[in-house]
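Just passing along the structure, written as structure tokens.
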Amino acid sequence: MEETAQEQASPEVRERVQDSFDRQGLMRLLGARLTVIAPGRVHIELPARPEVGQQHGYVHAGATSSIADSAGGYAAFTLFPEGSEVLTVEYKINLLAPAVGDRLEAVGTVLRSGRTLTVCRLEVFGVHDDGRRALVANGQQTLIRLDAPRP
Amino acid sequence: MEETAQEQASPEVRERVQDSFDRQGLMRLLGARLTVIAPGRVHIELPARPEVGQQHGYVHAGATSSIADSAGGYAAFTLFPEGSEVLTVEYKINLLAPAVGDRLEAVGTVLRSGRTLTVCRLEVFGVHDDGRRALVANGQQTLIRLDAPRP
Amino acid sequence: MEETAQEQASPEVRERVQDSFDRQGLMRLLGARLTVIAPGRVHIELPARPEVGQQHGYVHAGATSSIADSAGGYAAFTLFPEGSEVLTVEYKINLLAPAVGDRLEAVGTVLRSGRTLTVCRLEVFGVHDDGRRALVANGQQTLIRLDAPRP
Amino acid sequence: MEETAQEQASPEVRERVQDSFDRQGLMRLLGARLTVIAPGRVHIELPARPEVGQQHGYVHAGATSSIADSAGGYAAFTLFPEGSEVLTVEYKINLLAPAVGDRLEAVGTVLRSGRTLTVCRLEVFGVHDDGRRALVANGQQTLIRLDAPRP
């Protein structure tokens, strides 16, 4: 367990995040899963496999970005009041090193949470089963909070 | 046919780009395909389907970004001498509107091609089968040219 | 004259933009001036001089960015209803070539104008008195519209 | 003193950075000064005054960005071998809060230093004389190392 109980978001928030994540077809297609839901911070893991690769066999920058974008989006979402939706306004990401490892771990962390806009830091690590871990991508993301449509 | 003959890259370049694209597991997983390979400009199409969606049913920003990143990378690649490889250094993308349509079309266009670094404009359009077409994402990308390892 | 009459913003909008620009201490310090105020597009010129330079004598990326940021901000502002304020949320800029020339010309162009957020393209050209002109920087900017405080 | 002796860069590196900074006309025009030169990290301070302001009296995003860009550039430069030059390839910056305070402090920190490219984190704090301090901008920058021309 990476997280102690008090670092976790409330059960309500965790359920809200997990439910939304489960509706993201792309995360399922990629094989990604939520591993940490803390207030203002969310981790998403992606096992490395040829289906998410680029032409040299590393994980594709698009797959790396996809889990980074979702991690930041849900990190913002953990701080929103109920009945809100989150949309990515924009993000920027640097691919610092080839995305090698047995899996990637994306960490989205809220830097500033405003009434309308939230800014997150995005980090993606290449993680080996033997414990080696290296930062492979680093980014920054702007998100907007919207009121969810009434049902 | 969107492109006239003289706008296409040479057969050698087209083959080089298509071969590399075919080795990108992620593009196959997403269901994306190359539709235009012109000198300094490449188009990639992605049919919209639930498997590439986010929680509201639109195409996920990560899928939108993935085809934009590949389109820019291959646009740069069309201008490289043989024996080169291309890597994304970084990109920034604004999601301007919900990614709706029957398919997305990403267009990568070289803005400046240098000896080491190339900068591309990234555009993604939501395209309906009835011909409606709207810009849904706009970005900017920096790429680096590397010498391919000798076989 | 670069602009024909019908391309100019209305006298009211032009005055609003010019008044705001005149309150930007930094633009005066740099020696920048507004040259075009069209609906959704604004140009700002900066004469090249050692006071705005970096260590190699070219115009500093910060000065290049400053006029680009203001050009984009005022381009957004031309489309806002009266009683609005504009703030830069974020921007990204690529310095494509050394900023040489007798002056720089920044062009901010609205790509998408929404109720809350506006996205602009930023371009900066190095312009020589003999007419040569080259793109030296290219960027993308997100802005937010706020209601001006009641007086 | 914010820095202990062992955190400072070597006297040679400090002199190289200070000499280059002193040739940046823009830093002098803005009234900025170098306050920390550590290996892979550089701080630049800018007193807030109307001459570096925008239309609402806060420090202009362009001035904020200018010191952030220089701080990142010199942070990269501290890790370069002698006879190198540094150029900004691109940067992205989020303006998180109005740039208020008696002065701004920009901190550039190297995230990854490669043979050709360096990536820095950029942070700008608004600092009050009474000790209050808040993050007002956060960014990410890519730089390239060039060989200095032989004299």
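We call the chains A, B, C and D, going by the order they appear; numbering starts again at 1 in every chain.
Here, contacts are C-beta pairs under 8 Å (C-beta built on N, C-alpha and C of every residue); 3 or more make two chains touch, one makes a residue touch a chain.
Because the structure is predicted, anything quoted here is derived from the model rather than measured.
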> Which rotation angle, from 0 to 180°, best lines up the CA atoms of chain B with chain C, given as a multiple of 5?
Replying inline: 180
> Can you spot which of A-B, B-C or A-C is a repeat of the C-D interface, where more than half the contact pairs line up?
Replying inline: A-B
> Hey, which pair has more contacts between C-betas, A-D or B-D?
Replying inline: A-D
> Whole-Å distance, chain A centre to chain D centre, using C-alpha means?
Replying inline: 29
> Can you give the whole-Å distance between the Cα centres of chain A and chain B?
Replying inline: 23
>> Nearest whole angstrom, what separates the Cα centre of chain B from the Cα centre of chain D?
In response: 34
> Of all residues in chain A, which are in touch with two or more distinct other chains?
Replying inline: 89-90, 92, 94, 119, 140, 142
> Chain contact graph: line, ring, star, complete or other?
Replying inline: complete
> Which of the residues in chain D come into contact with chain A in the complex?
Replying inline: 92, 94, 96-97, 111-112, 119, 121, 135, 138-140, 142
>> For a test of understanding, state which residues of chain D touch chain C in their complex under the given definition.
In response: 20-21, 23-30, 49-56, 60-63, 65-67, 69-70, 85, 87-95
>> For the complex, give me every residue of chain B touching chain D.
In response: 89-90, 92, 116-117, 119, 140, 142, 144
